[in-house]
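By written order: A, B, C, D, E, F, G and H. Residues from 1 in each chain.
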Amino acid sequence: MEQLELLRMLEQVQGGELSPQDAVLKLRMQPFEDLGYAKVDHHRGVRQGVPEVIFGGGKTPEQIIGIAQSMQRQGGHNILITRLDEEKAQAVSQQLELDYHPMARIGIVGRLPEVTAPGYIAVVSGGTSDMPVSEEAALTAQALGNRVERLYDVGVAGLHRLLTHMDLLMGARVVIAVAGMEGALASVVGGLVSCPVIAVPTSVGYGANFHGLSALLSMLNSCSSGVSVVNIDNGFGAGYQASLINHIGGDHL
Amino acid sequence: MEQLELLRMLEQVQGGELSPQDAVLKLRMQPFEDLGYAKVDHHRGVRQGVPEVIFGGGKTPEQIIGIAQSMQRQGGHNILITRLDEEKAQAVSQQLELDYHPMARIGIVGRLPEVTAPGYIAVVSGGTSDMPVSEEAALTAQALGNRVERLYDVGVAGLHRLLTHMDLLMGARVVIAVAGMEGALASVVGGLVSCPVIAVPTSVGYGANFHGLSALLSMLNSCSSGVSVVNIDNGFGAGYQASLINHIGGDHL
Amino acid sequence: MEQLELLRMLEQVQGGELSPQDAVLKLRMQPFEDLGYAKVDHHRGVRQGVPEVIFGGGKTPEQIIGIAQSMQRQGGHNILITRLDEEKAQAVSQQLELDYHPMARIGIVGRLPEVTAPGYIAVVSGGTSDMPVSEEAALTAQALGNRVERLYDVGVAGLHRLLTHMDLLMGARVVIAVAGMEGALASVVGGLVSCPVIAVPTSVGYGANFHGLSALLSMLNSCSSGVSVVNIDNGFGAGYQASLINHIGGDHL
Amino acid sequence: MEQLELLRMLEQVQGGELSPQDAVLKLRMQPFEDLGYAKVDHHRGVRQGVPEVIFGGGKTPEQIIGIAQSMQRQGGHNILITRLDEEKAQAVSQQLELDYHPMARIGIVGRLPEVTAPGYIAVVSGGTSDMPVSEEAALTAQALGNRVERLYDVGVAGLHRLLTHMDLLMGARVVIAVAGMEGALASVVGGLVSCPVIAVPTSVGYGANFHGLSALLSMLNSCSSGVSVVNIDNGFGAGYQASLINHIGGDHL
Amino acid sequence: MEQLELLRMLEQVQGGELSPQDAVLKLRMQPFEDLGYAKVDHHRGVRQGVPEVIFGGGKTPEQIIGIAQSMQRQGGHNILITRLDEEKAQAVSQQLELDYHPMARIGIVGRLPEVTAPGYIAVVSGGTSDMPVSEEAALTAQALGNRVERLYDVGVAGLHRLLTHMDLLMGARVVIAVAGMEGALASVVGGLVSCPVIAVPTSVGYGANFHGLSALLSMLNSCSSGVSVVNIDNGFGAGYQASLINHIGGDHL
Amino acid sequence: MEQLELLRMLEQVQGGELSPQDAVLKLRMQPFEDLGYAKVDHHRGVRQGVPEVIFGGGKTPEQIIGIAQSMQRQGGHNILITRLDEEKAQAVSQQLELDYHPMARIGIVGRLPEVTAPGYIAVVSGGTSDMPVSEEAALTAQALGNRVERLYDVGVAGLHRLLTHMDLLMGARVVIAVAGMEGALASVVGGLVSCPVIAVPTSVGYGANFHGLSALLSMLNSCSSGVSVVNIDNGFGAGYQASLINHIGGDHL
Amino acid sequence: MEQLELLRMLEQVQGGELSPQDAVLKLRMQPFEDLGYAKVDHHRGVRQGVPEVIFGGGKTPEQIIGIAQSMQRQGGHNILITRLDEEKAQAVSQQLELDYHPMARIGIVGRLPEVTAPGYIAVVSGGTSDMPVSEEAALTAQALGNRVERLYDVGVAGLHRLLTHMDLLMGARVVIAVAGMEGALASVVGGLVSCPVIAVPTSVGYGANFHGLSALLSMLNSCSSGVSVVNIDNGFGAGYQASLINHIGGDHL
Amino acid sequence: MEQLELLRMLEQVQGGELSPQDAVLKLRMQPFEDLGYAKVDHHRGVRQGVPEVIFGGGKTPEQIIGIAQSMQRQGGHNILITRLDEEKAQAVSQQLELDYHPMARIGIVGRLPEVTAPGYIAVVSGGTSDMPVSEEAALTAQALGNRVERLYDVGVAGLHRLLTHMDLLMGARVVIAVAGMEGALASVVGGLVSCPVIAVPTSVGYGANFHGLSALLSMLNSCSSGVSVVNIDNGFGAGYQASLINHIGGDHL
């Protein structure tokens, strides 16, 4: 119940059209969201063409289609489906117009939105094996209305590759640093730029990598200030957080 | 060597005042920083009264004083010293004018700077035992020129305490969520607000808390989007990144 | 040897029909259970139509059928088979009348029993991916004679969904809280209700979830009182203990 | 705002004494608790003489005294302070009438309440080193209005000690099983009784005990049904949960 | 070089048939084994019909056949092949006369030897899922010349099953206790018998079992004296160690 | 109730001196131990002068004295107290005649018993820092009636030191291998001898030793057959099991 | 930009052919590598016939072929492809002349180079299951211009096998010790030789091996000096570093 | 027994001065070392003035003095004592002429030896808190006859500090990279230089650093080739292996 509706209801009580007893009942029955406590970007999303998000992992194609169609009925024109493997994507695309990105395992129902944030997000990654996670981050950010600059395969084993593109890094409003193995990229990037860095450890590696643990711990212990971390392989989370930051203080919002 | 200096040197070469050979030598000898690749906020800090930071943990009072005095010689008027226990603080305060905050274990040489960012940062914490880390975050943010609103002891075991202050949360540009034990606060806050949340797991707890591991894993696996995480007990890191985010797009910068 | 049998035997000794020596031998040979130390619900189950339980994981269909038939020969009319995948279920159903629930991976031989406990158990879960474990808990509780109310997909990322159903939660005698990822649901529910909460961490998630470790640690460290925890993905265990609690002090028993 | 107050307010709107606009404001400003969503036992506690609880660990004596006095001002006559070491207890007892139990590290302000639950809770423990945690559980349960039977030093290395007291175990409504080292007690007890078992792993042990991890994992993996687990050394949590269970369906409530 | 050969060589030096220089060379070239330091049971095995052992895991059928045939050429009549899955067993049995035990994944080339040790080894296991590891232990012990008594499915959840067979347990010279999940069986058995107990944790379980870690830690922390532990699922190791112990002081050796 | 007593009671039933009903009651009340299921070495110990054992860790001097005096009242002449630090030892020795071994942290009340087993136990250790654990093992074994040969400081970094003493190793009936750091000693010894090896990992080391974890895992994964493992630093457990093994088949028992 | 080019450019500035402003621009645009900071072996490799390396794991055959062909275009005649499974190898070999080693999962485009280092590298391994990793190390070293001596299946369970080949070990300039399970080989070898030992833990084992963790920790805690460690199963890394060491101070370079 | 002595003994046999039987006995009694299998640098050390090493951690001052004096009696003029805290150092220095370095916790009895290796070792470290471990490495290397160049406080958060000293790095024969927290320094250095890098993780850090685990895993997973790793805080081990490498192929040896 939005404030306006609440006001209308109270005016009905004032005008005698609604008894106080019924008003109590109605207030108790109202979903909490209606009282104004809920997260506003649910509504904002619909207004601005920013997509709703479905986490496709562990859902059947039928469940995904069902949720997406329900979103569409509620007016959602852009829907982002993450962790969507190729087989599921095929099943989904038989019922929905789907723009599928196999490397990022992302499907987009509808078109990518306009850019709604002033700056750009740089997505930097260590090696070619980190590209799926990097693309998940990059496409998520694009789907949320951001301009994205990609800077891939610039791992710290060949530092000059990174340093060559300092200008691109320095110009970003947020940097997403994606790296597996020892995850040193986050610290090095964090030491070079003065904007926030969102670090994404990947599970790329083997042995004492322990499925991404080495990169995760490395990034959490970064000696560079200004670095925060999301879950292993969570490109979506990084893209989402970076988008929130990139939209801060912009005219477009 | 800043661009201007580089230009000057090249003009000397042009004008015959400097031989190409000597220029080569000079370029090779220049610290990398001088070529313009270095992090600019080192200099920005000095210009803007934003403090330099000394990590006091594992340093002797003598080392701290030495570094601080060297910073002062280079023009640093505000110096933030973190992880400074009371005993060291006393030793340091005999040589430097120190504003010491025992709970946050933070010492500030000089005064807190003016507010230089448009919005405010909300620091939310679960229990009274999380206050030292929360205060480290809050004071760091203040020392970096941010307005900070504190909302302490609003753990999820008593959800109404948190919900009562929704307005304060919803108005923030960034939220720092500090919690130990199961760290659920980050997810709950992340589900309520639409701005970036920086989660700080604390080592508060015992047993299967494993010195903060439970809160750390909990926060990394948050089902709420828009949450990123810093190291256990790293109030400073959260305050620093929140400040970076809060300063984005502001007029003050 | 039940007390009555023991009494009969001693009367035989008294009556001279059995020598003390033979009685000693008989007592030593008796299974411990017969001396009255054993868990009574083995017998209670048979009397009350509450099913016997077979853990189907790691057993062949032949073993499952064999155990079930042996139970039937001993008078068991309702048998609950957990962790029964579809392939095994098909094999089992060729020999036994099986009511199979694929999502919960539960098969029931015979019908669900009457409700034998006064209140109801609320099964609350975080996301749709937690449904298999939730259903295992719910069906187990039903198979043990409980009324169950399901409240699914009410994760803490959208708190209003949970708060909307407070009445259902508040009316329960026991709540089973099922959640993966960061497992914050247990703490939030534990902070809202005043009945016991049995928390079930699930292995839903990825990366630093470490196959359910994050939810497990989170739930063990819950800042809410009244929460205890079972093994990761152990819906059966939660349903079983919730049933024990729900049957306490009831007229039906 | 309780339902009655809400009704009164709406009647004021109806009667024109309060404008709808002001009512909206008032509703938004109300603490969530007042809308009826909050945990009722907060109030119930005060009514019934059941103590409020202060977690003393990580709090200064001053903080403890402050919180306790604030509770007293709100009508709390019985206050349970856990994790209160001797030094702090002495400081607290200078300002409050404190009944201190050094082994359990529990302090009680006021007297133990009457027994308010029908059955009794059995607290069973493995070795003498587990007594502090066992006593924390037992005293917590007593402070919450339960009759408690203690059965200490009955570890599985000498099974006969446990079996000798089967009657006491079998008569309990809830059993709290406290054990360190390999924590096998929980499984053995769980296999003997037919009531719920709350297992408390303790950090007693050394080496591959890893501060209670071995007992924790052991208890979580119990092959006996009806066992749930609280955090390592969390005697309070077990006593609290057992009390909730013991009070179910009782006339006293 | 055995002592006799060494003596012969030195006599050759004494007799002038071998120069000291050549003797030095010969001594340096001798395999260490020849000097008498090597493990004698290599030879003993061949003499006594005790089988040689091939760890089949991670070896190709060709490698297994090759090693076995080489052993046969050196006089080995009984060869024990462990961790031999069915597919490999079929391939091996085409070239060697193989007695294959699928549950234990053990193949024996030749016949089981005579019993060569005085007492018997009791193999006790918790559940039916532990049978593969139990059988690996039992068959290994039999293949090494021991009488073995099996006592399966006597987990601590139903203690009476174990207590019913106390005589069998008490008569053993060594007990091998095999259990997964919480591994409590080792402690309970260790508390009942007065002979050495070799505990074998199995990977049976799920969730916080962590592939056998819970049982392993549980057994290492056993509160019963007289228990030592082998690797997770290492039935062979337990059977081997038990055989060494069972052969101590016997007439047969 | 021993068999004789049971027989007497049944004769009373036969003779009419005891009613069957009262006999049932009496049987139910009997401690389990009396039915003959209990561990016999409790009694054997007292008969043979083998000491009772008190785990001194985590017990107060008063508790230790109390338990010891109770043992003495029951006829125990030799009592072994492990994990007894010097301060406690002093307190205990004021009330009991104590033979204290500070390095092993072992106190013996009474004298070391006669040797009651045929062979000897070799205690082999890696470095001087492993001596406390080694001595705990050695003294435990001596206190249980074994001859012990010590072979200290023969770590694998200097293999020749170990090989020099092959005869002593080869002659033992059981070897206890004590090592910290990488724990390789157990494998090397296991590969050299043909008797059972009890491996004791110690917490000696630093860094990735993780308080003994490296040695523990190393020993559990030993590629040598015939090695079983006790808890980290559990010298007592190794000495105890070695004694059980050493006493097997001996004339002395 | 090499020094010569830099000099030329500055001479152009001196000669007025290039404005200082354009020179500044050019300097900023130059890849960092050109300023002389880059790793020289990139160039050295091409000059000396030492192969470039492609990590084949996680790359598609198309990506591998693409990178290899790009290397060939830049003059690379020898290319080492690691972690190349058989299926990929077949695909790659259809486009490139590939010498494939299935056990080591290594493919070499072009021929093995001449030996360019003075001494030889000994690759020592514990068991036959360690051969794939050992061969990866050995072939890597050969591909980098080293003479390699292999000494396989000399695990510490049969120490004499290792001691028999002391001469081969003692003559090496570097030893690579490859072992799974408990990894004791590294310590034993480290105690025997006086040259650097590079230890490679393998994931060979099961249970408490935890995928190579036991061997890794064991090797990191080696009590022998002169041992350093690479990642689990990282044969390539060991071969590469051994080659660097073996080339030190040699005439061939 | 060195070869010469062996030859002498055999000549005695040849000459009839020694019976073959007595020679057999003598050979069996000889320490293994004497047969030529032992590590030669034990003797080399004494000849060349390279110090013997005592690991001071966990040893009493008396033990240290005893070992050192025994070394001196055997001709050792330079003795390196590591992990020697100040208190012990004072005690030791009362009996031995000790050159104590408090930061490195190293004591040297006698003088630092001449430089015996051709190149130099660069010790690079991340932060000032890493200095104790760095100094342990540096002083160890110096004590073993190496020239050492120190490059401290060049962590990756300020990359330019490291890049400024590229020449020093590029000229080294071996680099020791010492870093705590995320340990990224090893990868960055490994990517810059073409000589072997020995990485030393330190326990500097807090929280998810887990006492050096983050740096350790980071270094083991380095994406740069040519990096191997020693134990956490093991400056000595790094210095020792670096010295072995630095002495390879040198004229001085």
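Operating definition for what follows: a residue touches a chain if its C-beta (ideal position, glycine included) is under 8 Å from a C-beta of that chain, and two chains touch if they have at least 3 such contacts.
Predicted model only: the values in this text are computed from it and were never measured.
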In this assembly, which chains make contact with chain B and also with chain D? A, C
Set A-D beside A-B; more C-beta pairs touch across A-B
Just going by residue numbers, which of B-D, C-F or B-G has an interface where over half the contact pairs are the same as at D-F? B-D
Measure off the straight-line distance from the CA centroid of chain D to the CA centroid of chain E, and report it in whole Å. 50
Just curious, how far off is chain E from chain A if you go by their C-alpha centres, in Å? 55
Using Cα averages as centroids, what's the distance between chain A and chain F in whole Å? 59
Return the residues of chain G touching two or more other chains; collapse runs of consecutive numbers into ranges. 28, 37, 39, 158-159, 163, 191-192, 207-209, 213, 216, 220-221, 225, 231-232
Per the contact definition, I'd like the list of chain D residues that touch chain B in the complex. 28, 31-33, 37-39, 57-59, 63, 201, 203, 211-213, 216, 231-234
Note: in the complex, chain F contacts chain G through residues 126-127, 155-159, 181-184, 186-188, 190-192, 205, 207-210, 213-215, 217-225
Given the complex with chain E, which residues does chain G contribute to the contact? 128-129, 158-160, 163-164, 204, 206-209
In their complex, what parts of chain H are in touch with chain E? 3, 6-7, 10-11, 13-14, 16, 19-21, 23-24, 27-28, 35-36
Listed in rising order, chain H residues that touch chain G in their complex are 37-41, 44, 53, 118, 163, 166, 170, 173, 191-196, 198, 216, 220-221, 225-232, 236-238, 240-241, 244-245, 248-250
